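Read from first to last, the chains carry the letters A, B, C and D; within each, the first residue is number 1.
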């Protein structure tokens, strides 16, 4: 029942009926075409991410699911039901806003319990539900605090508890971690993942941070200019990007010009500029093979610098160290291979006893044809 | 002539007379003791970083060197001359502000040429200097633009050109990259380093981002609560942190309780909780050895997960995978070793053909006594 | 600014003291035991204050002024809420023109407003009462109310309203539960400003109040009698005291508004 | 707000039209060929405007008003710059009290200000001229000037001034090259507001102007003569037109200030 273009591997959505079905969703703002035919299914219990640069339409899509924006064309189904015309307050979705939208004039408790106002349960039961929600996000004992006295991370947690207390079918998160500093962001990424496993609710996360999407998601939809460029699991996305644009957006990728020389028998022969001919498997060209000029991509960790005394392995090229960036656990080298124009980025772990090369040193670089990805 | 505490290795400042000498600098704001006896030398042509959490006094120290804050006690020498009482406009230092402080009512050209107002050179020469400065930061052709129409990265460059056109002896940078998004920040980090090598001026960078300090600096002063906790090169700082606090602030470090059992002959015997006795070298205890309880630290990349079919090497412990975080090029595992309370963080490169373990799997972990650091 | 600045600053301070001295002299004459307002002072008395308590016409004027000021404050603030909400939340054709037109009384001489209102009211045959004064005062207070409430709406994060809807509230209950409490400091500000302007206004009240004078109109009428001057001084002293009290209340609410919004106090009034 | 809100909103719009109708009727009577201000209109004429051009006393009043308004605007704005700079840049004991005291005329009835000034001036024996009116107007305009300039100083990033000093400028040249140009929209705003308040003010001018009436005082004096009323309508029409022009200029400078500061236009006046 999916409407994803054929060429998209789309990962494997969890079994059972999808909780969200998007069918050819278009959105116009006057002349501006913000969403250009989005179709995909999101499974119940999935951690799903919408990833893309700013202005790609990911937030618009999220707000369309939440009910804050109407769909110009196409259908949005939640739990099998078309929600066209259903306002945000009648949808089984809840949202964590980028600004957290904590009500500043209420206490933490009143914020978390806000959605229970129309709940007919007795007061004591509701108070217990609020306490349970606060405990879930690690804020027990903060109930009486004034909301405006909270730190960024605490606001984030209150926003989560406030949305989850209504037990929505889908939790929508609009860049929920972008306002936090790095250490806190990493901690919240881990906590959010654990929370999602614990409550089992479908999470849809909007983010522009590819690392965040890779870390947290079961599946990721990469969006550019209102369309889904690739929908896949983090590992597929990293290892088998469909297009150069996706490859460039997810992690670091070195590109070299290449020409497809020969194809057949499940193998492709590629002439890579500066490195010569390589034989690769068909699955190393996830976007499909076409004869003629294209490019190949290498991830920095698939290239290896061979230190003094290490034996050659795989195919080896010679080059000069152009740039050294020491990260503590890793060192990133910019190495200009002989006969190759652009320096290539190579990442090496800083093992004990392994020295850090200096700029200007000559070095051997081992590369593996099995690691490259071909874009035609 | 340095006044650094003996136990501090202090890296090796470049040869020749230091350009900045700080001697017992104290700063009080009323009752608040912001700087508590800062002493260090900064060499000419160094890329020096002041690293620490917010409120540690790093920005105060920078503003003290710039002349925006008076010193309550102690001396600041610039190029061998005591600058006490010398106002900011008479010091051979220039600053790049956190907000960039681009004058919004002037053009790019007028901003960059602002410092040349009192320069007696003819107009044409000054215009040439402005053009050269703009070219240096890659903004040729932007001279006539209005300053308020610039993007964040462009503002950063204008601020750099404006400060460097005066050929200061020292360029002070107050968190210059914190307002930029991640991709742009990484690009500017690389450009700043290249620029510093090119102009040869001493750069003093204030940052709270340990990764940024590691990448960019020749030497780093780590500050906590108004004192320098360690002054060293990035590699020394990462490999041989003086205190647990420094180790925790720089990169990721796993800590386990440990007891010094025996010492002598350049070797120390340590009983590590859950892992047993390890013999380590004296330099693995950069903060000094004391008998009794302490802790040892492991960096995540010094622990290795042994996959099926890999032979045991070094010392091996058994454990269960508790958490898996997939970063694309790396996977971070949280592994709970048998008999050890806290899960340890282990980073593994995602080599081609190497699978990613799943939560709950049993695994072998190799560890190397030569990689641990002892804190007493 | 160190050298020349400090001399200039001293001059500015002296100038301010000189300007404000008259206001500080009010209490002196109010407690001076003489019907003639002149130095030297002759003795201490509270009889001018006592005289105020026994003047029914004054009491009626105070009552009129309060009724007019309270009504004006409420009406102008209600209109301000609608206009400010429309200005910040919706885009509609001619918006800038309409809002500009509403702001017109800010810059128009009050005497022109007063005269044109008077002409029209006399045309229609409306009797001049406190009600007609309220009309005039709403006209001049609404622009201030809109300006204050406009910034209150602008500083309100729209996602707060969206969050309330997302959590199951209707638009109406969202306005009551979220919008209204959060713009409350702006509403109080608007009420206080409108109240003060209405209470202090003279010329419109003079033309439109008919036989129901407001306090400033009453004071004006008393100035014809020199013997009433010390009592006016006493009245002025009371008004100065009340004004200071009003400023302190306004400042209290401003600070509370900042605290509630979680913001940082940037100092300064207004 | 969808259901009940729209009905309420229509009511608000009607109320506003009702309030503003009189101002719109001014031009009607100004061009009406009759000395009696009443419907039905009898014909078109421009003679009331011609009458204005041939009245020397009016011209003198306009001149007086302009001199007073310009002087007041400049003095109040200069005082405002010092006070706002002191309030935002320095901490000193009693700061809140001093600033509160400066803000006092904002809430004090103008008739009280006028009377107390009059009493003191008569005591000292100062002759009542345009100069004394300027004094009174500076007193009531300075709080507005401070409020406007205070926010101009607050929105000024201090690191801009530090950067200029870092690049070799002195404190004084920094003020001239950086601070002044950047608070210029605030200064223009302050000048316009003070100018408008002074031009429109009646009661202080009435008491302190002596034999040099301002425009509102002149209008007041003409209202005793019913035959002068159509000319007053013509004058009112001109003042409405000028006020609209003034608002448009103010809005232009406000937008320019936003553009210059690189900010986003959040709409609305003031």
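Simple rule for what comes next: a residue touches a chain if its C-beta (ideal position, glycine included) is under 8 Å from a C-beta of that chain, and two chains touch if they have at least 3 such contacts.
Since the structure is predicted, the reported quantities are computational estimates derived from the model, not experimental observations.
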item	value
If a chain touches chain B and chain C alike, it appears here	A, D
Highest-count interface - the chain pair sharing the most C-beta contacts	C-D
Centre-of-Cα separation between chain B and chain A, whole angstrom	29
Where chain A and chain C are represented by their mean Cα positions, the distance between them in whole Å	56
Chain C and chain D: spacing of chain centres that average the CA atoms, whole Å	16
For chain B, residues that touch 2 or more chains besides their own	none
Numbers and ranges of chain D residues touching at least 2 other chains	none
Topology of the chain contact graph, where touching chains are joined (line, ring, star, complete, other)	ring
Pairwise chain contacts under the document criterion	A-B, A-C, B-D, C-D
Of all residues in chain C, those that touch chain D in their complex	1-5, 8-9, 12, 15-16, 19-23, 25-26, 29, 37-39, 78-79, 82-84, 86-88, 95-96, 99-113, 115-117, 119-120, 123, 135, 138-139, 142-143, 146-147, 150-151, 154, 171-172, 175, 196, 199-200, 202-203, 215-216, 219-220, 223, 229, 232-233, 235-236, 239-240, 243-244, 246-248, 251, 266-270
Parts of chain A lying in touch with chain C, wherever the complex brings them together	66, 68, 87-89, 93-95, 97-99, 101, 103-105, 114-115, 117-118, 147-149, 162-163, 166
In the complex with chain A, residue positions of chain C that touch it	157, 159-160, 162-170, 178, 181-182, 259-262
Of chain B, residues touching chain A in the complex	182, 190, 209, 211, 214-215, 234-235, 238, 250-252, 299-302, 323, 325-330, 347, 349-353, 356, 368, 370-371
